[in-house]
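Just below sit the structures, each encoded as structure tokens.
Two complexes come next, and they have one chain in common, chain A, joined by chain B in the first and chain C in the second.
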Partner chain A sequence: MNRIDQLLARDSFIERGARRRAQALLDPGSLRELAGPFARLHSPWLAMQGLVTQSDDGVVVAKGRLDGAPTVVLAIEGGFQGGSMGEIGAAKIAGSLELAAGDNRRGIPTQAVILFETGGVRLQEANLGLAGIAEIQAAIVDLRRYRPVIGVSAGTVGCYGGMSIAAGLCSYLVLTREARLGLNGPQVIEQEAGAAEFDARNRALIWGLTGGEQRVAAGLADACVQDDSAEVRATVARLFAQGLPARHRSERAAETLAALARADASQQPAPADARGIYQGDA
Partner chain B sequence: MERANSTRGAMWLRLLTGGAPALHDWPAVRVCDAPLAGQTARWIAVVPDPDNRFPRARNGEVGLVEGWQLAQAVLETIEQDRDAAVKRPIVAVIDVPSQAYGRREEAYGIHQALAGAAGAYAQARLAGHPIIGLVVGLAMSGAFLAHGYQANRLIAFDDPGVMVHAMGKASAARVTLRSVEALERLAEKVPPMAYDVRSFASLGILSQVLQLTDPALPDEQDLALVHGALAAALADILQDPDRGLAGRLQGQHRAASRRVRALLASEWEAAD
Partner chain C sequence: MEKLAFTFPAGRPAAGRAVTGVVSSGDLEVLLEPGRDGSTTVAVQTSVDGYGGNWTALLERVLGPGELPAAHIEINDNGATPGVVRMRIEQAFEEAAS
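Entry: the complex of A and B
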């Protein structure tokens, strides 16, 4: 096949919605959706403000098997409210991770994949979104004692806010080139610190500093994959097969502090600066 | 407002620990050992560092270095008590105006620094360290997630200077395409959107709200009240077999969180 044919034959992961993304990861025929749309879990807080709700609140809980191993996929729908975490969506993720950890304590090695496509807290549910994200973080740290928790962010929403912190707690993180991973979104930095600090319209700046390729090069994620469902699945399966990392990325305090001491904080860094301090060759 | 409040954390840490010496020479992350209910506890606060080499982290924000220092302080505590029968309690004194918003921060991965801190607190809790978060001022957004939100118990002062929220008002208005005035009107009707501590308390996430004479200028009686509340929270944690955060789900405004968990539990095994 020539390159055009390859491109046309490729099964894009980004173009899939949350439910079909989960389907792409689990063994054929093994997927069962829990707390699905027919449970009618509409956000009470959005409804109170006259905003559109969705009967799954933008999170799909898909339980099944991955290469035969018990797996739960928590897929955030970036198309609903920017993938933001409200009370219900966060409870679906945290509650599933809690059950997976409980499985492990009873000898069932359930593992989890989180598909991050989220701006973070849903500001219309502000403090309950924040509390829910704290509970997701607690549950990731609990579950990752037994089995890897793998985060995937494919794009196009990216992974921001409190959920970027949750991504930082995962055992492994898989990104595409289209994905962005950062704490504060460009608009919020511009609002808080001015356009001179961060110009939210500068796409090259945003992807250069926070895009998938850059994050993997700086060691802040584990794999940068093509927008290809088969490649995403194979990468997730390979990382599960590796088992738990010797130490989680979030535990690298001493060496990261040493790396940050090498950073020149007097000026705004270029992408190469961020890669440099973490690769130790700055 | 945020600047005026941001020295409260330092003051309360000093008062509650009797000015115990710092274990690290870190300007913004203060760590010390001091008694709590007759045993040694580790106390941690984030305080302003006007000379911070990262310019966006000079007013008490949790930045790159602060996040990783919090992580290191807590991971050290776990390591030091690895073989101890009794794990030392950790008290997070919370007055954090926000995470640091800046280009440097994003470039070097501030999300990972905050994950370092949040993860360390969660690991300490799971290892059996009783953790109490004491909100004496601002508890905002990512900074709160990194410093205190993983605690077994959260206590806050009932005071207008105490606020908990996911984002400052101006940014929240921009992101939700509303005016600040419209946001404030909504916050009066929708409890999770409010910034004040009484609305936050109605969510059921706090284990206790304390009425002091003056949280900005506390007297001996205030200090005794806070010490008593921390001791009671410690005793409560020690008698509780749960090391997770399930205690936060009982509030009147968390019915949906309970319903989702009950539904998931009922469907979980049937899905195999």
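Entry: the complex of A and C
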């Protein structure tokens, strides 16, 4: 097959919505959606502000099996309000992770995948969204004592804000080249520090420093995959099969901070330099 | 944001329920559940005000003949064009039937 045929034959993961992404990861016929659209868990806060709500608040909770193992997939719909985390959506994710941890304590080794497609907190829901993200983070740290929690960000929204911290707490993180991962988005950095610090219109700079390929090369994520549903699924399955990492990335924070302290911040680093910083040789 | 409500004649209740689309820019979410025999209700919330006439004309064209199964339809719209609205409604009927 030539490259065009390969491209056309590929089952894109990015082009799938949240619900169909969850279907792509779970064994056929095993998916059961919890707190789904017909439960009508709308955001009560968006309607008060004159905004159209979505009946699942932009989060799909899909319980099923992955290669036979009990698995819950928490898929964020990036198309709805930028995948932002409000009170309801965040509670659905946190609650599901807490139930999975409870399963493990009762001898059922439930594992979790979170599909991050989010700009972080939903500004319209302010503190309730932030509190929800904190609950998600606490629940990830609880569950990952038993089974890996795997984060996937495929794009095109990427993963930012408080949810990038949640992604950093995951046992493993899988990105595509199209995905971006960062605490602050490009426009936020430009607004706060100026275009000289970060030019939010420079796409090569944005993907060069915060894109999936760079984040994996820098050791801030574990796998960079093609935008291919089968490859995403196979990578997630392989990482679950590896079991828990000896030390989670967040448990290595002291080393990362020390490496950052040694870095020369007087110059804007090129992508290759930035990789070196995290490897501790800059 | 504007809320609109409609009732149309219909056939037998729909076989199942379905959800299609998402509330993203230029798209809409359609929730379809079986309705009462002979009657379809549509509840619309749309981000764009002042297009009641367009909604009436479009829904009249799709549901007015009363040939589709009876359903409760809920639409959450984020500025979809009439073509997209029609496609999502028909997709929901198709998925509810299978």
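Following the convention adopted for this analysis, the second predicted complex is superposed on the first by the 276 of 282 C-alpha atoms of A that agree within 3 Å, B and C clash if a C-alpha of one lies under 4 Å from a C-alpha of the other, contacts with A are read in each partner's own complex, and residues count from 1 in each chain.
Methods note: a contact is a pair of C-beta atoms (placed from the backbone, for glycine too) under 8 Å apart; a residue touches a chain by one contact, two chains touch by 3 or more.
Not measured: the values here are computed from a predicted model.
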{"item": "Simultaneous placement of chain C and chain B on chain A, clash or fit", "value": "fit"}
{"item": "Contacts of A:H248 with chain B and chain C, given as first, second, both or neither", "value": "first"}
{"item": "Contacts of A:V52 with chain B and chain C, given as first, second, both or neither", "value": "second"}
{"item": "Partner chain in contact with A:G79 - chain B first, chain C second, else both or neither", "value": "second"}
{"item": "Which of chain B and chain C A:G168 touches, first, second, both or neither", "value": "first"}
{"item": "Angle at the Cα centre of chain A, taken between the Cα centres of chain B and chain C once the superposition is applied, in steps of 10 degrees", "value": "110"}
{"item": "Contact breadth on chain A, by residue count: chain C or chain B", "value": "B"}
{"item": "Chain B versus chain C as contact partner of A:A204, first or second or both or neither", "value": "neither"}
{"item": "Partner chain(s) touched by A:G17 [first = chain B, second = chain C, both, neither]", "value": "second"}
{"item": "Closest Cα approach, chain C to chain B, once both complexes are overlaid on chain A (Å)", "value": "14"}
{"item": "Where chain A meets both chain C and chain B, residue numbers", "value": "none"}
{"item": "Touch list for chain A against partner chain C, complex", "value": "17-19, 36-38, 47, 50-55, 58, 77, 79-81"}
{"item": "Residues of chain A defined as touching chain B within the complex", "value": "32, 34-35, 39, 41, 43-45, 48-49, 61, 63-64, 70, 87-88, 90-92, 95-96, 98-99, 119-121, 123-135, 137-139, 141-142, 145, 161-162, 164-169, 181-185, 187-189, 191-193, 197-198, 209-210, 215, 218, 220, 248-254, 256-257, 260, 263, 265-266, 268-269, 271, 273-274, 277"}
{"item": "Touching residues (chain side chain B, partner chain A) in the complex", "value": "53-56, 64-65, 68-69, 71-72, 75, 98-99, 101-116, 118-120, 122-123, 125-126, 141-142, 144-146, 149-150, 164-168, 170-172, 174-176, 186, 189-194, 199-200, 203, 205, 244-245, 248, 253-254, 256-257, 259-261, 263-265, 267-268, 271-272"}
{"item": "Complex interface listing, chain C residues touching chain A", "value": "1, 17, 19, 22-25, 27, 29, 31, 33, 45-47, 74, 76-78"}
